[in-house]
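Below are the structure tokens for one structure; questions will follow.
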Amino acid sequence: MTAMVALFVLSFGIVLASVTADPDMLQDVCVADLTSAVKVNGFTCKENFTADDFFFDGLAKPGLTNNTLGSLVTGANVEKIPGLNTLGVSLSRIDYAPGGLNPPHTHPRATEIIFVLEGQLDVGFITTANVLVSKTINKGEIFVFPRGLVHFQKNNGKVPAAVIAAFNSQLPGTQSIAATLFAATPPVPDHVLTKAFQVGTKEVEKIKSRLAPKK
Amino acid sequence: MTAMVALFVLSFGIVLASVTADPDMLQDVCVADLTSAVKVNGFTCKENFTADDFFFDGLAKPGLTNNTLGSLVTGANVEKIPGLNTLGVSLSRIDYAPGGLNPPHTHPRATEIIFVLEGQLDVGFITTANVLVSKTINKGEIFVFPRGLVHFQKNNGKVPAAVIAAFNSQLPGTQSIAATLFAATPPVPDHVLTKAFQVGTKEVEKIKSRLAPKK
Amino acid sequence: MTAMVALFVLSFGIVLASVTADPDMLQDVCVADLTSAVKVNGFTCKENFTADDFFFDGLAKPGLTNNTLGSLVTGANVEKIPGLNTLGVSLSRIDYAPGGLNPPHTHPRATEIIFVLEGQLDVGFITTANVLVSKTINKGEIFVFPRGLVHFQKNNGKVPAAVIAAFNSQLPGTQSIAATLFAATPPVPDHVLTKAFQVGTKEVEKIKSRLAPKK
Amino acid sequence: MTAMVALFVLSFGIVLASVTADPDMLQDVCVADLTSAVKVNGFTCKENFTADDFFFDGLAKPGLTNNTLGSLVTGANVEKIPGLNTLGVSLSRIDYAPGGLNPPHTHPRATEIIFVLEGQLDVGFITTANVLVSKTINKGEIFVFPRGLVHFQKNNGKVPAAVIAAFNSQLPGTQSIAATLFAATPPVPDHVLTKAFQVGTKEVEKIKSRLAPKK
Amino acid sequence: MTAMVALFVLSFGIVLASVTADPDMLQDVCVADLTSAVKVNGFTCKENFTADDFFFDGLAKPGLTNNTLGSLVTGANVEKIPGLNTLGVSLSRIDYAPGGLNPPHTHPRATEIIFVLEGQLDVGFITTANVLVSKTINKGEIFVFPRGLVHFQKNNGKVPAAVIAAFNSQLPGTQSIAATLFAATPPVPDHVLTKAFQVGTKEVEKIKSRLAPKK
Amino acid sequence: MTAMVALFVLSFGIVLASVTADPDMLQDVCVADLTSAVKVNGFTCKENFTADDFFFDGLAKPGLTNNTLGSLVTGANVEKIPGLNTLGVSLSRIDYAPGGLNPPHTHPRATEIIFVLEGQLDVGFITTANVLVSKTINKGEIFVFPRGLVHFQKNNGKVPAAVIAAFNSQLPGTQSIAATLFAATPPVPDHVLTKAFQVGTKEVEKIKSRLAPKK
């Protein structure tokens, strides 16, 4: 309700050119205009905003984990929270069924730091020198995955687990390694994958068929 | 334990100049050497590291809120997690007693995004055009405080509240407004404060005495 | 030869399309189109520009200081000098009557460095460790206020004073602390302010009434 | 030889505090002191330097491609060219035998742009939306691999191929996907890989054995 | 052709809201819309793209060097390769006739690193302490010109020479010193140049006439 | 408790103008340790600092202009004000005799904005498209020179002139064009200069002799 009042004053101010709503405000924030026809690096800014542009309730409930991997990532980035535009930070919630895996992936644009809401996870990242840095973490504990490095989390416990993940990017991006290589469209050629993984076409085709997007 | 193995391999690798531990690793991460005599912007890097440098368990339990303000901020920044050095992100946990306030403050170096772990909070930030943008948020909900702007959270509920806060800085810094002006050492002169707040010396001295650090 | 042709066309264009701005130029500079309907972080760029886009004469005369605080800040930022867009620097002139105060404030996006044009000033900033760093400075002297920290200047002399202030931002923004907390719209709730400053509602209301924008 | 003269003048100048060699120079460049005991993000700077710190001849000859993948990457980064420290750019030469593959990999810290010196290559990158963007390129042609995305090059021709690759990082880092997942030390657990690739332990162990570092 | 398929899938995916083509893609890349009426720092982004936006064949053949200086720079920057927008890197090819000179110039926005394709070059840069750092380099060798500093290359050999130059900017810009001072439009006043170079108007006019753009 | 002790020492120190800041402070500021043996990009940080590290009085008086060019630049950068380290801003004062010239030069690392303290100046910059953007400015007026572009100021008036110049760099660097090309050590070869300026060796040698550093 306070926010609505704020918006009212804001709009009113613009009409009157009063102090409370001068263009300065667009310099404190640049709330994403997600529907603009003009595309820029990030997003263009909306003229007006309310407190709701800085709010999101989509992480309040656990995500559904009844999929092949037994995990689900729910984003709270600039696409959901327009006020994050230009501000360089975002969150995700990740839920894991028992045995669930958030498979090896990278975020091209961010470091990730996770806080365990529930359960226990085996987590790790691999450096460019091919060293695995891993740890078992429990409820309330924190782990860091440095920018750009391949990392994963697995719930080897018997109960569901969940984390809040924070990123220093408004839209960190995710490149899930197995899907990137074996389920891209158009497909990465078999001869690239057989040579990269040193296996035969048969094994490559097997993985491709299993990772193919469900119809 | 895995991390110990990693470290062993790492050291071993250095001796043999093998692939697993070449200097490249210092380029993926620059784990803070918190005890170095050489001070730089951020921290210098340690020679070796383990998974524990990317881990922290200090936010697992609620902080004590039996203080004047009824709130406590517990940091999980580079000073606690050396692996965060150069990575540009950190967390905090904030606990609030019923009626507790995290008083108006700024973070000179970061935007903040909070996720409510427990309870309900009235939160807000003020733009440089002096517009208050505020909202009541509940468990599982998210709110954003743009970089550098004054903001606060208050628990107007009847039960404790808690949030996880994420920042896009390894050490965001906090400047608590009332304490900055009325409890600095040496003190900000009365004549600055009486003129800024348009009150008399008596009122200024009253606030100073109440905000003075406890002996 | 291609280069010669390019240059010819360029010169031709300059003569006829006058002011001087082929598309190459937009890469050296991006002169703000202050009237564009498209809002981005900063400003979109104008097609053409002249030397006047890099010029401003609004700081030549002292600002009027016959107000409550006895000081006036006159900006020379991207809103006044469109050529500053994307260039990351701006100036202000600040005038102070005898006894005048530029009250405690922050610039969320810049460090400030001042050069005293006239008179004498008592200046200071407060660190996040609540240490006041202060000094008396005279005509021709310089002082630095680090990015994001609360700072102030007061003319305790008997004659007017003035400074030129430089910022490493095209639009540094200013958050004046007392007005932010006691004169925002909608107002910051009394219960936040009484708890933050440890005073009663009466004192808070008194400050609010004195800092209220004049009708 | 000219460089030697330059150095002489430089050292001489320092002793005399003359204009030609004042500390300003360290601000134009910060030539890496690769042997310093103090580790920072990047490298500390050497006191003196010569033209050789900005020179490298290690890409003049083709690299040996008689390995499993039929390709070899030779770096010309800050570890080989100390003068690149803080300057944000580097090169590599990549040689490919007929049939040779530079397998799918990421550079956590850089975009890559290649220029084909010899031969023909099939190249591609995959976006985070799992779209393969690919092309066949020939001698003298250029292709771009955006920052952080998985990409590869394969020589499907009958003669050797070679490229010069440029990066906007002094040390872009390389994370070769297959080796990262199947040849890390300590190993990524089988249960992570079987779930990620949806195959059995047998297939995972087979890939691990084939990608294991040669003794 | 592959790219066309990719584009088709992309468009198709958008209609179906499927995973392969969500708006995320614009965050991996922001392919320049070179024809947009909206001008921003860099370029706005196109809605769709193909592999050709990341490809260029304009450096495959030597540039014509039958001009006064005996050299030609051919750019492969964002104006030629729209996919480079926001990615921070670009290439050029420079060809030199025997005796040819790429005259002293600066790149305001980039460091340059060159790889010699053919021939031999005498190259150098001058620091702000006025120290010339120079070297003779041959086919396959590399040299670095730090950001913003004046530098040049001269072919003192008897055969043509050529280099590939890489820059850490999508459009580094070039300010050729002699032309900047003696062939600008409108002209730099003679009294500035006579005083700067400590020569008479006659010498200045002579240089101006020789460097004047050919009609 | 440690914090209380730190604060006490701190207060004591400030009163005595001694030196005493706790490590937290180093995150707000990183005051340059100008004498450290460890060289980094910028400077390492001092353990302790006082208000004097943010103060400078060296621009209070006009610089001596009785030199060949009739102008003098006096810097107020990180080398003079250690507190500017990492803060990204600095000032200079430039004095001009009647007829005095600050000759064409670039700042590789900063945009410059000037405020005229006294007199009148003819100022200009040249874009990479070789367009001169120029203006006559008077006392109290402002002009901007975009980052990296060649620019100059000339006092064509009959009385002395002076400006305060601000830069968005703690040490912007200056490359004075004529001296860079004609007075470097070792010298830029005549054959480079004759070709670049299209004049004979005689003219080049004449300029070199006139610009040679005075013994």
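Chains here go by letter, A, B, C, D, E and F, matching the order in which they are written, and residues are numbered from 1 within each.
By definition in this document, contacts are C-beta pairs under 8 Å (C-beta built on N, C-alpha and C of every residue); 3 or more make two chains touch, one makes a residue touch a chain.
Everything numeric here is computed off the predicted structure, so don't read it as measured data.
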Sorted by label, the chains bordering both chain C and chain D are A, B, E, F
So the centre of each chain is just the mean of its C-alpha atoms; given that, what is the distance between chain C and chain F in Å?
22
So, in whole Å, the Cα centroid of chain A is separated from that of chain B by 22
Calculate how many whole Å lie between the centre of chain A and the centre of chain E, each centre taken as the average of the chain's C-alpha atoms.
36
Of all residues in chain C, which are in touch with two or more distinct other chains?
7, 14, 27-28, 38, 40, 108-109, 124, 128, 130-132, 134, 147-149, 173, 185-186
Chain contact topology under the given definition, line, ring, star, complete or other?
other
Could you please write down every pair of chains that are in touch?
A-B, A-C, A-D, A-E, B-C, B-D, B-F, C-E, C-F, D-E, D-F, E-F
Interface with chain C, chain F side, in the complex: residues 6-7, 10, 14, 21-22, 24-25, 27-29, 50-52, 54-57, 59-61, 76, 81, 83-84, 87-91, 110-113, 115, 117, 124, 127-131, 133-135, 137-149, 164, 166-168
If we count contacts the way the header does, which residues on chain F are in touch with chain E in the complex?
68-70, 99, 101, 103-104, 106, 108-109, 122, 124, 126, 128, 130-132, 134, 147-150, 152, 154, 156, 173-175, 177-189, 191-192, 195-199, 203, 206-207, 210-211
Spell out the residues on chain A that touch chain C in their complex, using ranges where they run on.
2, 5-6, 9, 19-20, 23-24, 26-28, 30, 33, 36, 38, 40, 42, 44-47, 85-86
Touching chain C in the complex: which residues of chain E?
38-41, 63-64, 66-67, 72-73, 108-109, 171, 173, 185, 213-215
